[in-house]
Amino acid sequence: MSEPIRNRLSAVRRDFHCHPEPAWREFYTTYRLVEELERIGVDELAVGADAYDPADRMAVPDEERLEDWRERAREWGADEDALECMAGGNTGAVAVLDRGEGPSIGLRVDIDGLFIEEADDVDHLPAAEGFRSKIDGAMHACGHDAHMTWGLAALEAIAESDFSGRLVVFFQPAEEVSGGGCPMARSRFADDLDYLLAVHVGLDHPTGEVVAGIEKPLAMAHLDVEIEGESAHAGKAPEEGANAMHAMGTAIENIYAIPRHSDGMTRVNVGYAEAGSASNVIAEHARMEAEARGETTELMEYVESRFERIVRSAATLHDCEAEVDVVSKSPRADSDPELAAVVADVARGVEGVDRVVERADFGASEDATFLMERVQAEGGLATYLIVGTDHPDSHHTPHFDVDERSLEHGAAVLVETIRALEEQGASTSRSTAATGGTR
Amino acid sequence: MSEPIRNRLSAVRRDFHCHPEPAWREFYTTYRLVEELERIGVDELAVGADAYDPADRMAVPDEERLEDWRERAREWGADEDALECMAGGNTGAVAVLDRGEGPSIGLRVDIDGLFIEEADDVDHLPAAEGFRSKIDGAMHACGHDAHMTWGLAALEAIAESDFSGRLVVFFQPAEEVSGGGCPMARSRFADDLDYLLAVHVGLDHPTGEVVAGIEKPLAMAHLDVEIEGESAHAGKAPEEGANAMHAMGTAIENIYAIPRHSDGMTRVNVGYAEAGSASNVIAEHARMEAEARGETTELMEYVESRFERIVRSAATLHDCEAEVDVVSKSPRADSDPELAAVVADVARGVEGVDRVVERADFGASEDATFLMERVQAEGGLATYLIVGTDHPDSHHTPHFDVDERSLEHGAAVLVETIRALEEQGASTSRSTAATGGTR
Amino acid sequence: MSEPIRNRLSAVRRDFHCHPEPAWREFYTTYRLVEELERIGVDELAVGADAYDPADRMAVPDEERLEDWRERAREWGADEDALECMAGGNTGAVAVLDRGEGPSIGLRVDIDGLFIEEADDVDHLPAAEGFRSKIDGAMHACGHDAHMTWGLAALEAIAESDFSGRLVVFFQPAEEVSGGGCPMARSRFADDLDYLLAVHVGLDHPTGEVVAGIEKPLAMAHLDVEIEGESAHAGKAPEEGANAMHAMGTAIENIYAIPRHSDGMTRVNVGYAEAGSASNVIAEHARMEAEARGETTELMEYVESRFERIVRSAATLHDCEAEVDVVSKSPRADSDPELAAVVADVARGVEGVDRVVERADFGASEDATFLMERVQAEGGLATYLIVGTDHPDSHHTPHFDVDERSLEHGAAVLVETIRALEEQGASTSRSTAATGGTR
Amino acid sequence: MSEPIRNRLSAVRRDFHCHPEPAWREFYTTYRLVEELERIGVDELAVGADAYDPADRMAVPDEERLEDWRERAREWGADEDALECMAGGNTGAVAVLDRGEGPSIGLRVDIDGLFIEEADDVDHLPAAEGFRSKIDGAMHACGHDAHMTWGLAALEAIAESDFSGRLVVFFQPAEEVSGGGCPMARSRFADDLDYLLAVHVGLDHPTGEVVAGIEKPLAMAHLDVEIEGESAHAGKAPEEGANAMHAMGTAIENIYAIPRHSDGMTRVNVGYAEAGSASNVIAEHARMEAEARGETTELMEYVESRFERIVRSAATLHDCEAEVDVVSKSPRADSDPELAAVVADVARGVEGVDRVVERADFGASEDATFLMERVQAEGGLATYLIVGTDHPDSHHTPHFDVDERSLEHGAAVLVETIRALEEQGASTSRSTAATGGTR
């Protein structure tokens, strides 16, 4: 790849990097995506509520929590027209190239950041080179800045080529809360796709390595808990309270101890918790944000049901009431080996890629599975591929960073795979499915 | 008391009631106090840093948390000069009447509100009659609005009388966090007081009842806890984290179980807790705001030391580090029976008071004990009296309210006690102390 | 007291000391008491089921647990006739002196040991001098060996005197489990008592001190818990179990954290717990032996009801079932000041007694309150007195021991009090009560 | 198989079934094995300390716990000579057939029962047909009664055949505590084995199914915990205790919550726990029997190290001291596919076997891995095979039972596999190893 392109990829990624925005608050991010997409020129561009049905969204924060971020996007330079399109937190976009005969190919990249405070020591490259997060307590700590860069780069390269077929790029919001996968999967843009490519950076695979298809993205549920007790004066009448703080403590202690399951891997985490008001008041209220995962959808549901029983019992134990709200859920879906084989073949020919793994396990969850499931259900093929990067620390930690050499690798793998699929044409199974067959 | 005075007491109290401000953020409250005090006319008026040494303050929030409240006070009408005096959160005031020969008498009232959301149902009088808190999540739920009203009313009545002596009224901020008692007690205004009266409304005593002196205000410590762990991806590598959320849960479970002590009453509460960031991240950080109380200072310290061991061990158990910060402490001090007897005598003659209790136990804590301890150490007498009120629900709960008939009772008891002390002159013990004796 | 008597008291006490037997298993102890009582010669001697209605007993262990102890008593020399009288674990005895006109006076001493392993280091006198417990894991760690010695000594002295009246000595079993007080109080021997003396050694009062009457023996309930879950293979299918072990852990964590109560002192303890079978089996079963105490009967019931909710909720949380059985309960009862005054007067004249306390608080529980309550309800007077002893370590610990000088003190105080009451005659209130009056 | 043989297998198994004996207490069981082996006639028979070095044993209970079981075995008819051979709890035996040229083949069966109370309802066949466990609280709930029956049956069939080679049958004690595998593996009987067969019944495979080789027997450690605190009177001075009961509760709550590991399966269980003495004593002592498992030896050690930190921290939190003793450990070992292939081939020809699985996962642990590891390290081949049985409820539960049709299947598979291996001769790799090569 040429120096200018390389620099351009880096510049785009760094702009995204220093403006991390959490789920359904990707206002500046979407604005910048639109700006780039308009520059590139696409045949159809749908933003926010035009891209999907807002009612299909999951884990949407209330308007109050959106407002600060909208204001901040405005300060960062997002224009009013763009913000208007995203009223109600309908962020994200879908861009389409419609270039005549040929297969219909989807590419899905996610765009949201995380509530993690980015490291600011000199050993952390974004800090040293001045593109550290501009907002304390939020960070692109999972590489979605790289994903968007790939989405734009692939689209631009294909747009400039003689590609024949249909390319749909999903710039999906709210992946971290499993909130945006479902609306994208149910949108008209997901109709009749022959192929779907979803892509992730890193995941402990080094720069130069490509995994052509992953298995076992964990099924996941996001769970919000509210516990209501009764306040009382902690000194004068502690026995009069119904202690929501204590109920929360009992719940936390037991949630992590949900028994392992002999059918396979499970995960559970309480990632955010808050309770009470002041030190001399028995806490009236507590809330927790948690998640349950499983190697299969059944295993996730096993964890979820245990979670609910624990929370309710812990509340009863302390004379409180609890509500557990399933904010969002994503299923498990595996990569199709036929499609992964195409990716693997292509990757072997990409400069800088020195190791190609056909299939690997995946210990995390992903709501790309909604799109994969939809495409596979209609007879198409889907794969979830990983482009390795030397990341200095784990995903979701303050020192996470992307080795920018992988920006080129990912762009090249995606572009070349799309061209290879163009050559191959629509998959047989899809055609069958279209005429009534089922997978 | 005349109808107009009665109405005036109610109006003042309701103004304070609907503008509740938490510890060291009593900007509007202090502004209104100053306005009233200037109207009354006093011989000396010291606001904020003029009233005490800011370095003696405890439990002061950081500037960021002050700012919102200063802004709100401005919106509510506090003028810039007043706010200027309170820069850095130096709220509260001391007012002095200096009227020639006679005893030196202190009166202490507290002024802060609580982080409790006030009830808004029609059964709650402040809601029904339109003086409910103007700010969600804060409330005068401990009657400090009545206390201030008494302080102003007593001062006004004495100012208009032929009183001879010195009257010092402490409008003390930050009682709820035991933060303002110490600076007031160390200030020059607490020098050479012959008598100190501290007063509280309600505390489960009905309208018409007066308790002349209380025993056993619990000694108290406010404790802030920070737990540091390490974040990790909850799905991909839960074992890599050091889970501050889980450490917090273990701490909460065990803090409430600190063994009861055979030497007397103890209390412990975790009143506020927060941990983590997002549901898919193992929590890196947790913090708690807690308190330890004891019937004696030693018992409070017993609870405090167990608290610290529990928090540190819970952190170690989960591979985290914890810090426990003792934000503030207040000692135990008892009422002097000689002074309580004066109050009791006076109260028996006050209209509307139908029951006088010489002494009662007190299940809560109070940083008035700093002033009491200072005055008693220098040979003066101190009492902490309660003016009963029919309160519909407990202190520190959303439906707490004051029966306004007790406004008159309290004002009358205070004014008449001050006049009785004027007649009695300086206490003998004080004179002795002044000439070198000790109590 | 003469040297031979002193030696005799010591010998008797040491024989009891090295044969400690737990509640309702005092087979050897009762046998020895009977032997001594027969030697002394009494007017009526009732053993076991002759002394009380077995159906009134509480906290009786099952036959299997009795059997070992009966066998051991046999080995220690208890004869078959004596054991026959105690079939079904009906241990203990009541001895009566009926000597004509005069007041009817009750004396209650308790006789059971504890499941504590006695210290065997040379610093522990019973070990050094060869009268350490003959059975591992059981011990007279609360001084009941001294109590029985006093009971026998007082009876012997009165029997040999010209006493006129009725003396009833209750050798009560099963005090430690609050099991024997109720049947003794309901027996015919408790009818029409003018006075009741109950006595305890030590309780942190030193040798030479006597407390004439105590207040606030805590009300108490003994609680047995059974938790039923479902076993499973811990390696192959941990999710299939319902983990009674885990439910027990959750219960323990929360039981100790039952909120302190503003009305007064409470206590709670899980003193014995056992769960599970083998390390590779998810525990199917757990059981706990616990107690709840309160400064009043209401406070004890507050703790008890919280206890039950916690245990049930902890079981539900882990998909188990729990049963809470209230094994026994004892009320609160206070000493009558008139009677305590008699004891105090007498004690001041006893050789070796150098300090007399009229009244003291009592931090523990006692089922002597059943007898006290009965006597007081019928118009008699009751007191619970303490004879101090320098005990090297706390009651209920392996190094507890009695300073044998207090054996004489206690015997003298009891004998002289009985003589003083003989002189005083039946209390007025009793006479009134007998003719229809009420207290 | 003929009716008489079938009946004989059933009779032998039922005799073992109703005499279950836990680890290192298999006195009657070993006596019966010796009786049967002497009847069959073998070339070498080593019992107890003759079969292995007692110092290599793990998880041996103290003499006191052995004594009851020895006494019971005597009552059940074990003769003194046999019991003599097992002094010190050296149970189990090794039997050898030495029949000239040919491969050296090991067969390992385990012999111990579990501390589980067997069901006694009529739906439970052993109860209905009168061979339910004769001792309350112990049970053959894992099918070792069937394993021994197979060992004897195979030995008898081979003894009566023209087999040429060496057959060594390990009747291994203490499998359930991973205590007997190591001494057997280090004994001279494990020298120079070409093949090792270990066998288990059931494990959720139905009657008629055979699994020729299993993978992933979890590595395992048995952990014993002692917690020492300080006792105190729970009513009088709860603050003076250091509560071992509470420390145990905190430990249990947290042990089950050891984070899942991204490298693979882990397990943890506290299978037995006991604490305290009586309800009115703060518990001085607690002990727990637990286990840690992992898909690899490293994962097991991860759990073990977390376990230790939790236990120590929970003790510190409650001012107690804890000791964690690693009683025994067993490594992971996988079946060799070459040997499993032989078993699979043979099984396909056995009457009644209708499904053969080449390889399956195994969710439990097994100390047969010691023998497998030893044989594999010396160049031999090992497999762990499963003979299915319709078991009405899970292993390690009160209703577990074996479908006796599988007794024939297992015996036939083992006999035919031994004959097939005789034909095949020593494995090549072993020969290589014997001459200096390594695997």
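We just call them A, B, C and D in the order they show up, numbering each chain from 1.
To be clear about the criterion, contacts are C-beta pairs under 8 Å (C-beta built on N, C-alpha and C of every residue); 3 or more make two chains touch, one makes a residue touch a chain.
Source: prediction; values computed, not measured.
Among the remaining chains, those touching chain A as well as chain B are C, D. Between C-D and B-C, more contacting C-beta pairs join the chains of C-D.
The pair C-D is the one among C-D, B-D or A-D whose contacts match those of A-B for more than half of the residue pairs. Placing every chain at the mean of its C-alpha atoms, the farthest one from chain B is found to be D. Taking each chain's centre as the average of its CA atoms, chain A and chain C sit 67 Å apart. Once the centre of each chain is set as its mean CA position, chain B and chain C turn out to be 47 Å apart.
Multi-chain contact residues of chain C (touching two or more other chains) are listed as 236-238, 240, 243, 246, 250, 253-254, 256-257, 259-260, 262, 267, 363. Those residues of chain D that touch chain A in the complex are listed here as 253-254, 256-257, 259-260, 262, 265-267, 363. Against chain D, in their complex, chain B makes its touches with residues 236-241, 243, 246, 250, 253-254, 257, 259-263, 302, 309-310, 313-314, 316-319.
Residues 22, 114-116, 137, 176-177, 203-204, 218, 220, 222-223, 230-238, 240, 243, 245-246, 248-253, 256, 267, 269-283, 289-291, 293, 363-365, 394-398 of chain A are the ones that touch chain B when the two sit in their complex.
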